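This is the structure I want to talk about, given as structure tokens.
By written order: A, B, C, D and E. Residues from 1 in each chain.
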């Protein structure tokens, strides 16, 4: 597989980069799932990471959140080295992670799920304010705040999961397959929300299998294949690049 | 051509969620059919339903004209259909030969099973590692061993769930060669694979699913060009765009 | 490849060697020349530990007294050396007893308060032909025709019969006619044997048993038991139980304001903790007992001085048991187990600690049962139980429903 | 063909030869021989447990139930009908096997902790029944094997060494049964079930049947151990013969400390634990009540934390690597990591 | 009949609190703690000494039991249990079995074998309503259990630590992603679990004696309660406790008391076989 090191993939200057990943490799005991991945997210940007199943997208996000102890390389968040930090300290730095499969707390109410998002800032006075902001973004959650999250539809659970991450006052939001398994109309709604979050000043790293959808909200994108970055560029250029289609459909 | 496997309106529901929704298709002896669809489309659930690991909510599965839905997996295996697992579910504390022998016991006594297992391993070129611990194997080796184990049950229909995940292109070529040989020997194969390049090159026909429903079926190039399929993979609006490029 | 497996092999070797060393420790018998060795097996851990410890103290005290008085004079003043071992369960009893016999070369074994443990131990002593002198009183202990078992106190059924007969006799003297009684017992060897005695005695006396209920050892809630008792209309309750259930039963009766007399079946009813647990409510409770401190005041005083509480019947009987062994050695002029056994079989003594056994003597019959022993009734008076029945042993008159019975 | 004479087999052979000769070198009536006999008996019990616990990976905490059924069946047959315990031993095995079938039907789907709890309750049920049904079982007083001198036909001997050899034979038989099971067709299937039940099913293994057969064999062998135990100790009562801590846990513990699912594990475990416990009891129990059991508990905790795979994990790894080393180290058809 | 029902409920409330801790530990850590009943025993001893030395009524001493046993539990989790969390069940089962043996015998060495009992005035009092008798210690213990259950509910629902415990139980990864230190939470949950049991042990001290082996009387009972209620379910354990209390009490109306436990075990096996998730679905 040709190694494509693209200079445009690295942020121009460290100062403007909220996230910087360099030469990141990771494995779960077997062969490397990520091999020397280098990419970055600039402040205020939405960046998409595309690729077929098993390309290593989820592993990338998990490594950033400290969930893969054996990750090697370098990850910096606002200049701060992340690798080696205990996973539970990472949200407090300003990174919100919406995991693949949503992972809401099924036997807690919507409200309790959201409150858990504020766990790190549990003393803060602006919790109500933040809650209000989440409810503005997803009015449906306000209606369903007393419902057990496990009993809600997939789309609603996704909103809970995103809302929960937002309650932690993130500067960077990691979104893992938010459209997975959802009906198109819900997907549109979610992506609208992602745009709105980004406009409020939160940088977003978005992992999606649904390439066109991701590129429609992202400024830039990277394409992963078998743990390597094979393509990168602006959303417009990627949308037109037949390489993306090849990475997914093999034709 | 004779239909060896028939699925008729197969549905699987998990507490309200339709993971597989009325899927019907047939599979003929001596053909490789690819099952494609995005993550969570219901491919693995469909496989599990076919071999009896997952009870059907409705529908029926017939193997060689005989209804096998409702049977336990070991009975289904005895009737001639088995599957491999995503991420190679080998028996980790056993050697390669022991893994394959266990499956060969379905139709042979212990001595015969060992001979059968050795033969299967040799066909797949695994003879030299027969005594290795499966935990020490590489990914492609594990995938092949699992295929060997499945073949040792002497199936008529073999369902392969992502055997080529994490393989390099040259490794993939080797595995595809093996799969083609099996087809040429008259086996019917249903293959789930995310490496679309491999799927396109390998399969005689494709079935595309999303949200548990069958979206399209036909020749690989037709299915890949189907707007619904492209949308399922690349998203809303991609079909027109990409179509213009193609 | 080189160092790691070697280390592992070494570690495995070390662990195995530890096992082997442990094993070899049993190879050599340890025995001092002039001492006579007697094994003491008691439950020192587990649920019956409290009774085992009391019993062990009794034997220790007896050994001290015998040694202080000059040891076994016919053996040149040989001192008694006790080898104690913990037998928390019957499963451990056989192996432990065997160890005392072959490693410590004991002349006799004393103990194992708990009946099932004693039964297990006696199988070993019988085959090894070592005398076992015990207080445990399940009927099977002397009922198997064994030659090497000696029981200082009466059988369990005898205790049960006495529990019934003495109580009805006192009630009769107090002018109360008893037609209905209740039997509550723990489903252990001890409880079952004693309940059988109670049942038989009631039948013989023509008294109706309106409640005959076994309950599991370690019962945590006795309310159902007490509910049944209340509904039965019994005039006397005969509970046979260890401590926890005895406290539970007495308290539950008080809570439900049931004031029928409760006649305890030894064990839990006559140890210091009964009083500690119940305080004033212990006052006046009657119980059958194998012995009582007031029958042998000098031993009781020494015990109290040494251990700080009154002497329990298991301590007295085990002390007497050890003394019987000592007297047998004295008589046999030997510490050879076979000779000690023969001397025990023909022992007829009314001196020494035998005075602690009601009847004051030790003389074993063919089965090994002490023929002269009988159970007594004790009644809680202040801090200690006092012997109140039968009249030949009594130190005070019994009190029945607040009335002193002459 | 693999060589017949591996280090493991050599060690096993040496063990059995040494064990068979032991009575000639120690006091035949002594305690050492008795402890040795208990080591062998517990090794046999742990090996029987190992068939279910090790090969099928079902953690049973109720094997005392089968053990007790064996002891009760043979003893009651002898006491009530005069049938020799040699015959009663097999009757006990049949009864226990039947009980295993009855227990398997409701519990075969259960795994891990749930299975452990269900089996624990099973033994407790038997204990309560044996305690309550006094007319038949003798109740809480327990049962005594009558003392009748040396009557080999009725499984009664004078010398400890005779029992010792019987127990050694039993251990050899149980080890042989385990070995045949582990290396035979059933062994393949059992290990497959243990390691991945779904994969075993699609590979054509009838997982329920395989587990059932294993538990019946395991129960029957455990019951035979129960009969031998009863004959050897001459007395048992419900609380001790169905004891959770004294038997069920101990059998499992020996197999686990020695090495779950291995042939040598139960033997190593028994060689290590039983003498250790005896020593602790002999030297510590008269010092402070509870000390010996406390030490025992601490050693158990340490053993689990230091080597959860048991003593056998330290044994030099068997043949397979050797075979591999002697062959050219060939990878799969496609070389890795191109 | 009514009497048996009331007896059962009073008893069952306490069983519920005692078993809740076991269920909580399983729910959060996924470990079945076979040594759980030993912490009940420790709690009883703490309350006994508090009564003896400080003159505290066990109902008040229970707070001390809670605090001290919580600390012990936290240390035990961080030093021992933590190390087998990812180990196979066999290692977990036997680690806690080893713990059971060690704690019981350590208690025997430290506290001695005697049965200890407190004496408080209400021990022999009772209330009478027509034909129904209610023992005062049972009533007070039940009341204490209800108060503790309510406090536990408030803690788990309203406090940040309580929410964190629930979050870890429901999805440990997601909890990490919102900043919960799962390792510390495991320690807290284990400490809390054994402290609940210790509290239960303290409040029954007025009607049960304590000795090093008292745990053994409760161990099977506890497991029955949590299996009936569904392992891991806190609300289920409380309901399961009442159920076990009532079954125990009512069964004696039909069967001999000797067979009380047999009824429980048969129900226990039946529930395991038919509904391993427990009879009660709940949080």
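Quick notes on this structure:
Criterion: a contact is a pair of C-beta atoms (placed from the backbone, for glycine too) under 8 Å apart; a residue touches a chain by one contact, two chains touch by 3 or more.
Keep in mind it's a predicted model, so treat the numbers as computed, not measured.
The minimum number of touch steps linking subunit A to subunit D comes to 2.
Looking at subunit B and subunit D, not one chain touches each of them. A count of contacting C-beta pairs for A-E and for C-D identifies C-D as the more extensively joined pair. Between the Cα centres of subunit C and subunit E there is a gap of 35 Å. Annotation: 73 Å between the Cα-based centres of subunit B and subunit C. Centroids built from CA atoms put subunit B at 32 Å from subunit A.
For this pair, subunit A with subunit C, the centres built from the Cα atoms lie 74 Å apart. The multi-chain contact residues of subunit D, meaning those touching 2 or more other chains, are 128, 131-132, 289-290, 292-293, 336-337. Across the assembly, subunit A contributes residues 31 that each touch 2 or more other chains.
Of all residues in subunit B, those touching 2 or more other chains are 138-139, 168-169, listed in ascending order.
Under the contact rule stated at the top, the pairs of chains that touch are A-B, A-E, B-D, C-D, C-E, D-E.
Listed in rising order, the residues of subunit C touching subunit E in the complex are 44-47, 49-50, 52-53, 187, 213-216, 218-221, 223-225, 227-228, 243-244, 247-248, 251-252, 254-257, 273, 276-279, 281. Contacts from subunit C toward subunit D in the complex involve residues 5, 8-9, 11-12, 15-16, 18-20, 22-23, 25-27, 44-45, 49, 53, 83-86, 88-92, 94-96, 98-99, 101-103, 115-116, 119-120, 122-124, 126-128, 138, 140, 144, 146, 187-189, 191-193, 214, 216-217. Of all residues in subunit E, only 157, 160, 163-164, 166-167, 170-171, 173-182, 283 touch subunit A in the complex they form. Listed in rising order, the residues of subunit D touching subunit E in the complex are 53, 57, 59, 61, 106-107, 109-110, 112-114, 116-118, 120-122, 124-125, 128-129, 131-132, 245, 249, 252-253, 256, 260, 288-294, 296-301, 304-305, 308.
Those residues of subunit E that touch subunit C in the complex are listed here as 3-4, 7, 11, 105, 108, 113-117, 119, 123-126, 128, 133, 135-138, 207-209, 211-213, 216-218, 221, 248-249, 252-253, 256-258, 260-261.
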